[in-house]
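Several structures are given next for inspection.
Below, chain A partners chain B and then partners chain C, in two separate complexes.
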Partner chain A sequence: MKSELELRGVQQRFHARGVADGYITAVDDVSFSLAASPPQIVSLVGQSGSGKSTIARNVLGLQKPTAGSVLYGGKDIFKLNRAEYDEYRRDVQPVFQDPYAIFNPFYRVDRVLWKAVKKFKLASTREAGLTLIEESLRAVRLEPENVLGRYPHQLSGGQRQRIMLARVHMLRPSFIIADEPVSMLDAQVRKHFLDILLDFQTEHGMTTLFITHDLSTVYYLGGEVMVITKGQIVERGPVSTVMHEPSHPYTKLLLDSIPQPDPDQRWTSRIAVDELDDLEETDAQAAPAPEAPIL
Partner chain B sequence: MTMRILTAVLRTIRNSRRLAIGLLILGVMVLLALFSPLIVNAIGGGKDPIEVAAYEKWLVPGPGHLLGTDQFGRDVFAMVVKALSVSLQIGAIAGIISTVVGVIVAFVAGYKGGWIDGILSTFTGILLVIPTFPLLIALSAYAKNVTLFQVGVMISIFAWPFAAKTIRSQVLSLRTRPYVDLARVSKARDLEIIVTELLPNLLPFIGVGFASSALGAIFGLVGLEVIGLGPGGVVDLGQIIFNAITTGALTLGAWPMFVVPIVLLTLLFAALNMVNIGLEEVYNPRLRGVAGE
Partner chain C sequence: MSDSVLEIKGLEVAYSTNRGDVKAVRGIDLDVRRGEILGIAGESGSGKSTLAVALLRLLKAPGKVTGGSVLFNPAGRSPVDLLKVHGEELRVLRWSALSYLPQGSMSSLNPVMRVQDQFKDVILEHAPDRKNSLHELIPRLLGQVGLEPRVARMYPHELSGGMKQRVLMAIAVALEPDLVIADEPTTALDVTIQRVILQSLADLRTDFGVTLMVISHDMGVHAQLADRVAVMYEGQLVEVGDVRQVFKDPQDAYTRQLIESIPKVGRRAS
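Then we have the complex of A and B:
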């Protein structure tokens, strides 16, 4: 297994109507790397529309960036040969946000797991495949008899999302790209899910890129955090450092916007979008003036 | 997979009375058409009842000839049964050709996107705005002695863009579904994704495409027959109507020659439209679920 996943100057533009120059830049010159060992959890936080999902799609090879490159084991993922591509696919796997839409309503949920078995040749016989599937379902604390043979609409969101985790458990990738995997789950199921991810890190050595807009999950997971705003990563560091000594004004704003569970400390300061825009302006002023000609 | 499609189809039918009635009427007509050789034989009792001068001309409806005979002494009931099967055949031929072409074009355009979609959509758009019937008349007038199959192909040329248009927009909406992304990271190929992930969810739209093309073809042929430009050697419902009009059958008391084909065509029209509306009714509001209850 290759040990590194790296983004180098990734830029993703989309054509858009009603925008000044006819396109929007969803991801703007993003560079970072994820190491497979030691296994780690790196969270990517940012508000809605900041480009998080787009980065996930770039990393998963679902969307080719308009500039820059995504490297797996030092090679551009869009230029891999057959064998390298197979390895990359096996080694970098997603958990998506919406546990409903991830299943094709036409099929039983088993199909997703069997597809993994067959496509990645995880088992040579049907019995071996089934054993593997049951083992992985138990690993994510699902009873196989409660989920196998069911259609997606017959399972809860938490169950469905854990089936996706079982799929990851079967494939044992070095990297999990989790795009807001818990945003549609309730608090208890959410904790359950995060614990499984932490298990995967310690027991199976998986590195997770955890995308979220919720700082409390970032706290819970620990590890490192990257802060993204308007398509740019503005800060990266250990969770404790970034949370206590944020260096970028946007991170401070983000931290201020966490509701406090303490009733004496009411959540008074509302963070509105216009405040973010103000920030943008002060930011622009603070930034060094564009290359003034030196005479 | 086949079982799955079958149960999905059954569930769909249960969900819409209109669809069920439409299919029932169609089913009866198809049966009638399938058994038309037997029925015609039974009526003839040994000889061909739709041979010229098989019986006396212009017999009024009665026990011997339920719907009477026409200007050549042919049994109208036998003719109608045979014509129904011809009309259904043209519907099936054109329906299948246009649906297959439409589905292929729609999937290629919708799934591949980009310039391929641009070219295909422009081409489809052009065909959609061409006035079909005058062109069809010109084609038939030019090509004398066309067979039924050839007419079917000719009609399909103009019918497939309709199927392509509806299905393409559905492909566009389905191809960005997360389950398509999941299939892609599971190393599924484009064709595999189209066939196993998208196609099953599009069955209702394909059904609509088929029903509308079949309907268009049946009435296209009727139109051609009524103005005397149909294919040679076959009698469809339109041709019987054409005969009734040109011979003034109504004034001779041979009203069934005019009325019965029209009633059958109306029923066919109603049935196919009920299938259409029924399918859209079940699927349009929530595209999501062939399986989604």
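Then we have the complex of A and C:
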């Protein structure tokens, strides 16, 4: 178990047609680090296309960055030896967005849990393995008898997503990389899921990188937040500070775009989609209401 | 001409189950005034989407309308009870007088058709006489929602979520309907895109006089967009009123709870 996961000057470019130099830069010189101790929750928030999922893929080793490096315990994850790589694989666990796509529909859901038991040699006997699985299912507030032996289609999205959390619970990684894990869940199930993540932090000392576009989720989780736009992290700090005293114009625009539940506080300025692209030039704050209120 | 586009009286909708009927909409009386934006608020399962599909006559078994009437007054046509029209009569009303803006999901546009062909599909089906003006109509409609004419030649997978939602909006108003029913038009979009969509919806009303019924669980959306808000709870309307009155001086205990339970995030950059 290593104590730190670090991105150093990570850049990820993709070939693209119809752009000037034939590339688009999805992640542009991103550096940050996550410490395993004390356990923390760091949210990465940005709109669609800002590069946040690409960062998740880089951190998980699914995509080798075009420049810069991802360091686990000080070593580049793409240069680890076999034993170190196995440790990294166990110690950094993903939770993905789509609770439907991660299961093979032909196998019972037990399989993803048993695979983890076998691959990481968590138990030597079948009984011990089953005890472990049942314990982890209870830790994510699932009743083993309600889910074991079932096929993915027989479970709800929230149940499936919690099975992935049970798998994480069995492995006790230092780091969880959660890429939009709640965007397909409804409000109540979503809260449930977030509470389990908070449990994991306090009771099992897991550090989570939580990737989302939803600011209210970030607010609920607390901890730290990083704001990303166009592949660059523009702001990082405690949730309470960033949400109340944003320093970057993009963060301000993002916060300002949350519809306030107050008809007397309607937006008075307009934004256009193109405006989101050239925000550097036009500070959202500096251009007060150029025209009549929108309503 | 009556100043109500829609007069809903005692509407009841139930879903049949093995254990008898579950009433999803229980006796709703509601008027939609011409030119207004009416917000329908309520939590999941309060019956707001059931109300929408019942009004659009898209309710499928086991759902059924068990009572009430819905008087629809399209401009320049005689009033009809939406619950009693069938077949051709209903088809003619759809799109040209009554239209629907679905949630902007992947599944609302046909993935193998260019945007312009999806417009053609609708326009030729419901207003074949406009065939010759299509080439100028489609760019104009796209322009209304802030999209460039080149979007017409694109396929849905080339569009972002916000662009797809705006294409759906442009299609919904293509034939200048009297009433557009929008079901959760901004759910699943990120906040900046949501703001753009709400802006465009408000523009449609200001510039083209479209009457909008906007269903959303997000009270923030109603506060920003609606003129009047109707709050549903367990299939009933607990409160209908001017947006300011509903937010500033809610009359019903549930409305008050709903407003108090909105998470407050950060500050407003002002």
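Heads up, the rule we're going with is that the second predicted complex is superposed on the first by the 266 of 295 C-alpha atoms of A that agree within 3 Å, B and C clash if a C-alpha of one lies under 4 Å from a C-alpha of the other, contacts with A are read in each partner's own complex, and residues count from 1 in each chain.
As a working rule, contacts are C-beta pairs under 8 Å (C-beta built on N, C-alpha and C of every residue); 3 or more make two chains touch, one makes a residue touch a chain.
What you see is a predicted model; the values in this text were computed from it and never measured.
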Have a look at where A:W114 lands relative to chain B and chain C in the superposition and call it first, second, both or neither. neither
Which partner does A:D86 reach: the first (chain B), the second (chain C), both, or neither? first
Which of chain B and chain C A:L215 touches, first, second, both or neither: second
Quick check on the superposed pair: does A:L60 touch chain B, chain C, both, or neither? Answer first, second, both or neither. first
Now for A:H153: first (chain B), second (chain C), both, or neither, which partner does it touch? first
May I ask you to name which of chain B and chain C touches more residues of chain A? C
Counting only touches as set out at the top, which of chain B and chain C does A:P105 meet: first, second, both, neither? first
Pick one for A:Q47: touches chain B only (first), chain C only (second), both, or neither. second
Help me check something: in the complex, which residues belonging to chain C touch chain A? 44, 146, 160-163, 188, 190-196, 198-199, 202-203, 206, 217-225, 243-244, 247-248, 259, 262-263, 265-269
Residue ranges of chain B in contact with chain A within the complex: 4, 8, 177-179, 181-188, 197, 200-201, 288-293
So, in the complex, the side of chain A touching chain B is made of residues 57, 60-62, 86, 89, 93-94, 96-98, 101-107, 112, 115-116, 119-120, 151-153
If we count contacts the way the header does, which residues on chain A are in touch with chain C in the complex? 47-49, 183, 186-188, 213-216, 219-220, 243-246, 252-267, 270-273, 276, 284-285, 294-295
